[in-house]
Structures are given as C-alpha cells and as structure tokens.
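Should a chain be cited, it is by its letter among A, B, C and D, assigned in written order, with residues numbered from 1 in that chain.
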Amino acid sequence: MAILDSILDDLVAANRILAGLNVLDGFGHVSVRHPDRPDRFLLSRSLAPELVTRNDIQTYDLDSNVQDGGTRPSYLERFIHGKIYARRQDIVAVVHSHAATVVPFAASSVSLKPIYHMSSFLRTGAPVFEIREKFGMTDMLVRSNAQGEALAEKLEDQSTVLMRGHGYCTVGGSIPEAVFRAYYALLNADLQHRAITLGGSVTYLSDEEAVKYDETNRSVIERPWALWKQKFASKAQP
Amino acid sequence: MAILDSILDDLVAANRILAGLNVLDGFGHVSVRHPDRPDRFLLSRSLAPELVTRNDIQTYDLDSNVQDGGTRPSYLERFIHGKIYARRQDIVAVVHSHAATVVPFAASSVSLKPIYHMSSFLRTGAPVFEIREKFGMTDMLVRSNAQGEALAEKLEDQSTVLMRGHGYCTVGGSIPEAVFRAYYALLNADLQHRAITLGGSVTYLSDEEAVKYDETNRSVIERPWALWKQKFASKAQP
Amino acid sequence: MAILDSILDDLVAANRILAGLNVLDGFGHVSVRHPDRPDRFLLSRSLAPELVTRNDIQTYDLDSNVQDGGTRPSYLERFIHGKIYARRQDIVAVVHSHAATVVPFAASSVSLKPIYHMSSFLRTGAPVFEIREKFGMTDMLVRSNAQGEALAEKLEDQSTVLMRGHGYCTVGGSIPEAVFRAYYALLNADLQHRAITLGGSVTYLSDEEAVKYDETNRSVIERPWALWKQKFASKAQP
Amino acid sequence: MAILDSILDDLVAANRILAGLNVLDGFGHVSVRHPDRPDRFLLSRSLAPELVTRNDIQTYDLDSNVQDGGTRPSYLERFIHGKIYARRQDIVAVVHSHAATVVPFAASSVSLKPIYHMSSFLRTGAPVFEIREKFGMTDMLVRSNAQGEALAEKLEDQSTVLMRGHGYCTVGGSIPEAVFRAYYALLNADLQHRAITLGGSVTYLSDEEAVKYDETNRSVIERPWALWKQKFASKAQP
C-alpha cells in the first residue's frame, strides 16, 4: 500500500510536471503500470493534466476498460497505454504528447535522432507510426485496441514512437524516466531542427554512445526529477 | 437572461484567455453573436483584451453600429465581425488576431495547412485575403462594411482566413471553438514552419482526416476550455 | 512642472516596459527630450533598465554632458541620444536596444522590412549603420559625439536604424511611439525571418500602405501603452 | 574569510542566475577557484543548480577529489573544472551547460562566431571538443582527469569550448564574467542561427573588434550582474 501511495503521488506529480515543462497542454496524458497488478494501469479520467489530482486517477485493464465501476469519461486514446503495457513487460510508465517541436518530425521524412546525450534514448532514430497504413482515413486518434496494438508494434523495443499528423509517445522503466524522455524528446527536436537548418553537416550520437549514456542516465535521473517536483508539483496533492 | 449572462462571462474569459495564450496582445478582439438576437453581436469597446471586463462589452448590429447609445470608442475593425455574422448564419464567435507565427503565412505564397489533428479546422489550406485586390493601397485595416464583406467572402465556408500584411480571423460555432481555433492556428503555423524548414517532404492531414477530427474535437473541446478558464480567467469578472 | 512630472513617470515606465517586453535586458536605454528645453534630454544613469526609478534620471545637453553636477556614471553610449535629438527636431524619444531577433538583420545583407501594419514605421527597409566605414576597428560602441553624429546621419528621416554587430535604435514623436516601435521592430524581425525561411515569395507593405498605417497608429497607440503600463510599470514609481 | 564569504554568496547566486536565465536546467554546474588556495575549487555537490545553497558547496583539489572528508555524491563531470583550473592560471570561474541553442553548433560543422559585441569573447570561433578523437565511443561525459585534460587542451587560451553531442563550457576571470559568457553564448547561438538562415551574407565581429569589446565589457559587467542578482538570487541564501 505504501508503494501504491508513492506511485500515485508520482503520477499526479508527473501530470503537473509535464504541463509545467510544456510537454502537455490541455491534451495528452501520462500513465503508470499498477505496482501490484502488472495487468492493470493507472491513468487520470479525461481531464487536462495540469488539473489532475489523486481523486481523478482510475484503474484500467490492458484492454483499457475502466475498473471498479468508474463512470467518469475516459481519455479517448487510453488504448495507447493498455496495448503498450500488454506488449512491453519492461515498461512501467507511458507519456502521450502533442508537444510542438516533435510534431514536425512526425510529419516529415526527416528522422528524429539524438543530437546530444540527454536524448540518447532516441538511439538511431525514432520510428513513425502512420495510421493510414492499416486504418485508412481516420480522425487520427488511437481509439481502439487494434489501433493501440499497431502503435505498440511500431514502437517495438524503442523508447519513443512518433505518430504522423498527431504527436508521440515515450515509455520508461519508471515515471521519472518516461517524463524525462518526453521532455528531452521535445528539446532534441528543437535542437536538431536548429542544427539541420544551419546547413552544415551534423554529427549525431552513435548507437554505442547512445546506449552508454542511456545507462548512465539512470544514475542521475533523480536530479532533474527532484527539481521538477519542487518547481511544478509541490502543490499537487489535493 | 441566464444564457446571456453565461455568454458574457465566456466572452470576458475569452479575452483573458486569448491574451494569456499570446494569441492577442494590445491589439485584436473576440466577439460573440447575441444569443437572443441573431442580428446583433457582443464586442468590447476599444480596449486591450487583457483588460476587458463585462462593463466594457457593447452590443452592435451587423453593420457594426453600436446600440443603446454607446459613446465609448469602438474597435476600428469591428466590421470584420459584423459582416462575418451577416454572411455566415452558422457562426457564433469570431476572433481577429495578429499572432506572430501566423502573419508570415499571410505574407507568403506558402499555404497554411494542417500538420496535425489539432488544427484540422484548416482543412486543405486557409485562404488569404489580399486587401489590395478590391481596395488598392490602404492602411491595411478592415474599416468599412465593404471591406468586412470582402473579407467574409474570402472566408467562404472555411473556419480561418489569413489577411495579407495584417493577421487572421478564426470563427466557430461557440466561443470555445473560435478560441481553440485561434490558438491552434498559431501553433500549427509554428509547427508547419519547422516541418518545412527541415527540408524533407511533409505529409499534411487529408481533407477526410481533417473533417473527421474536426467533428471529434467538439466532444473534447470542453477539456482545454476548462483549463484555460482556470489558468487565465478565474479573476476575469470585476 | 506637471508636464515634466508626467514625462518622468512615463520614462521610468518605459524602462520597465521595455524590460518586460524583452526589448532590453541588462543593457540598452531609453531617453526623452526635455519638455521645456529642446536642447536637453533625460536619461537614466548607467543602470539596468528594469531597476530604473525617478531618482536615477539625469539631464544631459545635446553633446551628452550630464547637467547639474551629476557624478554618477553615465551610459557609455549616451551620445546616440544627444546626436539624434540634435539632428532631428521632430524626435521626442529614443530607444537603443540589442534585442535578439533584430541583431541578425543588422549583421545580414537581408533588409528589415515591414511584413505587417504593426511595423509600418520600417517603411521600405531600415538602414544599417556600419561603424567600420568611418571609424575602422572599434569596440563597436557609439562612444563619442562624432560616432553619434554618424549614426544620426544614417538614421536620416527614418524611425529605425540598425547597427551592424550591435543592435538598433528606434525614435518617435512620444515615449509610447518610440517604445511601440522598439517592440514591433523586434516582432517584425521574428516574423520576417519566419516568412523568408518558408521559402516562398514574400509580400511586404508598400511604402504607401506603410505611411498610411503609421498615421493610423497614432490614434490607437494609447491602447497597448495602457496595457503595458498596467502590466509592467504599475510598481515603477519608488 | 570575508572574501571567501562573498565568493560563496556569488557562487550560490550564480547557480540561481544560470537556472533563471535558462542556461542550466536540472543539469550543468558552475564553479569558482578558491580565493586563498589556487589549487582548490568550490563546486556544489550533485544537485540541480536552482536548488543549490551554501550548505551544498564542497571544496575540491585540481584532480577533482572532494576535500574535508565530504561523502555526498559529486557531479560526474567535476573533472572539467579541475583540469581547466590546472591548465589556465588566469581562470577564476567555469560554467558547464547543455543550453539548447548552443548544442546544435557543437554537433554541426558550422562554427559559433560572434555576431555582436555582447559575445565578443567568442573571438574568431569557438573550438569543438570531439571526445571520440582520443576516447572512442563513450557515454559522452567527461568523467576522468584524462578527459578533463583533453577538454582543457582544446579550450586552449579561449573563453568558450563546445563539446560535440553534449554542450559547452565558458570560463572567466570572475564569476560574473563566466556567467555573462555562458548566457551570451546562448544568445549568440540563437542570433547566429537566425542570421545564417536568412540566407544573405553575414558579417561577424573581426578579431580586433572582439578583443576591444571584451576589454570594454569588464567595465560594465557589474550592470547585468546587479540585475540578475536582484531578479534571480535575492532569495538565494538559506
């Protein structure tokens, strides 16, 4: 129970932090796998992340059915979370965002690649999910388990998947890691755009460099997380 | 009376929200059609949107004459609103803005097109109103009913019209929808600029995708609106 | 005395406003011609604009000698102000800034031109002062009356002059007008950069359109000025 | 003791200021040489700069061993500081940052060069440290004395060194000077990017102009420093 308590605190904090860092605005969401039940995940009811409190968190199964008789509206795209948790046993947290700097890479033939160590989780380039491939002309949302599965397949064993005409998702082995990746994907997109438009040649991290730093990062991730909690989430609990 | 009351509250909130979202600065304005009189609209007297209170709202007919003997100065460009309401019976709210990221598309031969679902209301590209076509060399403002009519004609059945050397207007079936469109037009312009300057090929939303999401959006628009009211307009009423 | 009082209030407000609008940071300055003595101008002692109070304002003659036995350090570049007032009898206020978006145009062969009505004061393109032309290799500052005169000559009858490798100056017939121009020069530079990098053709304001709006602007400039005073300068007086 | 006291105050202020100016986020650090012991330097324990207080400052020797039996975790990259102080007797303060606008130049074949006087310390172009040259595939961090030495060698007698795929360091003869340079390197990178992407020819400061202003700057650096302390560090001391 103490663990669940602390996870719920972190999930509420993550909502506030992602809003404070401009990763999420009125849309987008962040979830965490249930610490006691790997076949369940925790996610707010349909609400702007900046307004989320513990009272808004609901429990879902991996088909994204709300549990415990919840009747409040759910996010239309909860299937993103359910199907990523179903396919990736290693994943503990998922962020879905429309952050401004990343969307252009989701619409462009140019790949999002790590320009510095902070975004080493992008490895050799984030894959792009084109919903038209399997589902034709849609409203662009991932609103079914079939669509969630197709997205999770595209993610494969990576940490980030872009969604054409829509946004992106990052995943992590903890809430801080998924939040960190969502934020530094946003920064990397801005930095890479700047580097490309300078017109010279650009050196990206090699896969080996990326893998090595991604490992190092786990030992220092507590540092920005502590800062973000203090800046954005100290008033988070109702 | 209760409906008018709530509409006035929302109109004051819209002024504060649009300033808070950097859609409006010292200039620009937002109006709403009168809920009881389709041949009237409500608009602040000439005042920076961030400072507008209920006491500043005036009633205008569709030729943009102030009603009820009002003597305080009106916005020079109130004709934008009157003539859009006159031509488009489906429209309930209008925003006119000079937001920074959109103006470049109004001056460029490159079309503003939807790069993600949030800006699906742009459909296959926003039309550009060139005031020189009918009015020659002017001070660029829409300061007569004839100019307002020409702008409304250019808008046609779209939701957004760009104004060369000036700015843009968005319209909606409600105040939240017009505000939403004004804000996401601004974001889309930034995102599209980024995508184009990356130098690869860019995939925009198809018309079918755009139409479908624009429909979906009506079911979720209350979510950002609730956030924006709490963030920017909770101190709005005097 | 009442007029001088109000002018001093506005000068302090202008310092706060220009800092609030990111036109000035720790450097740059704003001055006003003395209302009773056209051969004198008012300018803060050497101090970051955001910190200026009435007590910091000093009086200078047009050779930029401090009057009344003032012994506190003056801005190194006060000669900019003195020589513009000396050459341009029509000018009441001067802003000197290093604002980020404008400096690139001062270093580039591409001209800063008005992309929308708000920056119509740029007319057909702002002239660039190249200090090397007359003074060779310097520390880039305008630190003598000779350099101030050369800058004022380059300004000619325009409202804005860029300074290569340095920044820019705007002038106006009132404090609000010079501040307005300093701010919208900054915005225009960002918007024009966006328009150019989109890669299509760009339509700028014609000289006739620019002249007409610049005239119109005098009737509405009180609107943003009232907003800026309330937002940035309501705590300005000590 | 009074000098050490004032240096410690300034070091804490520098941490807060660099966070406030967006030069540092959860990562990066700033150090100062010990005023009494040139073979020692002062640096916070591993902590986000915005949270640093005097109690977090530790003393290190030039091999970056913590002194006085400190047991709290140190920054992984403290070797940057130690080896720069060892090699450059003239240096009193060092900043290490990942600031967004600079990283693209560290990854690009295009040199970071001074586009205006404020960044004259960049001289004729900042050198780039490519860690692969001597150390092959790493996690990109400078985590040993050998790597710190190689970085200090690349810095040579300059004030700024870029680090490929990572960030940059600035050094100065005082804390305010190193902070000033870290901030204006960030601004210069944005301005230079804008100038280059305008597509015309760009004139940079000549070496003579740069040297001259860098000298002048020492006489005015107290002005932004006073502003920054008041804005960002007035609550710095615990």
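Rule of thumb we're sticking to: a contact is a pair of C-beta atoms (placed from the backbone, for glycine too) under 8 Å apart; a residue touches a chain by one contact, two chains touch by 3 or more.
Note that the structure is predicted; figures quoted are calculated from it, not measured.
Common neighbours of subunit A and subunit B under the contact rule above are absent. For the pair subunit A and subunit D, the CA-based superposition corresponds to a rotation of 90 degrees in steps of 5.
For the self-contact between subunit C and subunit D, the two sides draw on mostly distinct residue numbers; the shared fraction is below half. One inter-chain figure worth recording: subunit C and subunit D are separated by 32 Å, centre to centre, where each centre is the mean of the chain's CA atoms. Our note on geometry: subunit A versus subunit C, Cα centroid distance of 45 Å, whole angstroms. Annotation for subunit C: residues touching 2 or more other chains are 197. Taken pairwise by the contact criterion, the protein chains form one closed cycle in which every chain touches exactly two others.
Residues of subunit D touching subunit C in their complex: 114-118, 120, 187, 190-192, 194-195, 197-206, 208-209, 212-213, 215-216, 220, 223-228, 230-231. If you check the complex, the residues on subunit B that touch subunit C are 25-27, 46-48, 50-51, 76, 98, 100-101, 103-110, 137-141, 164-167, 193, 196-197.
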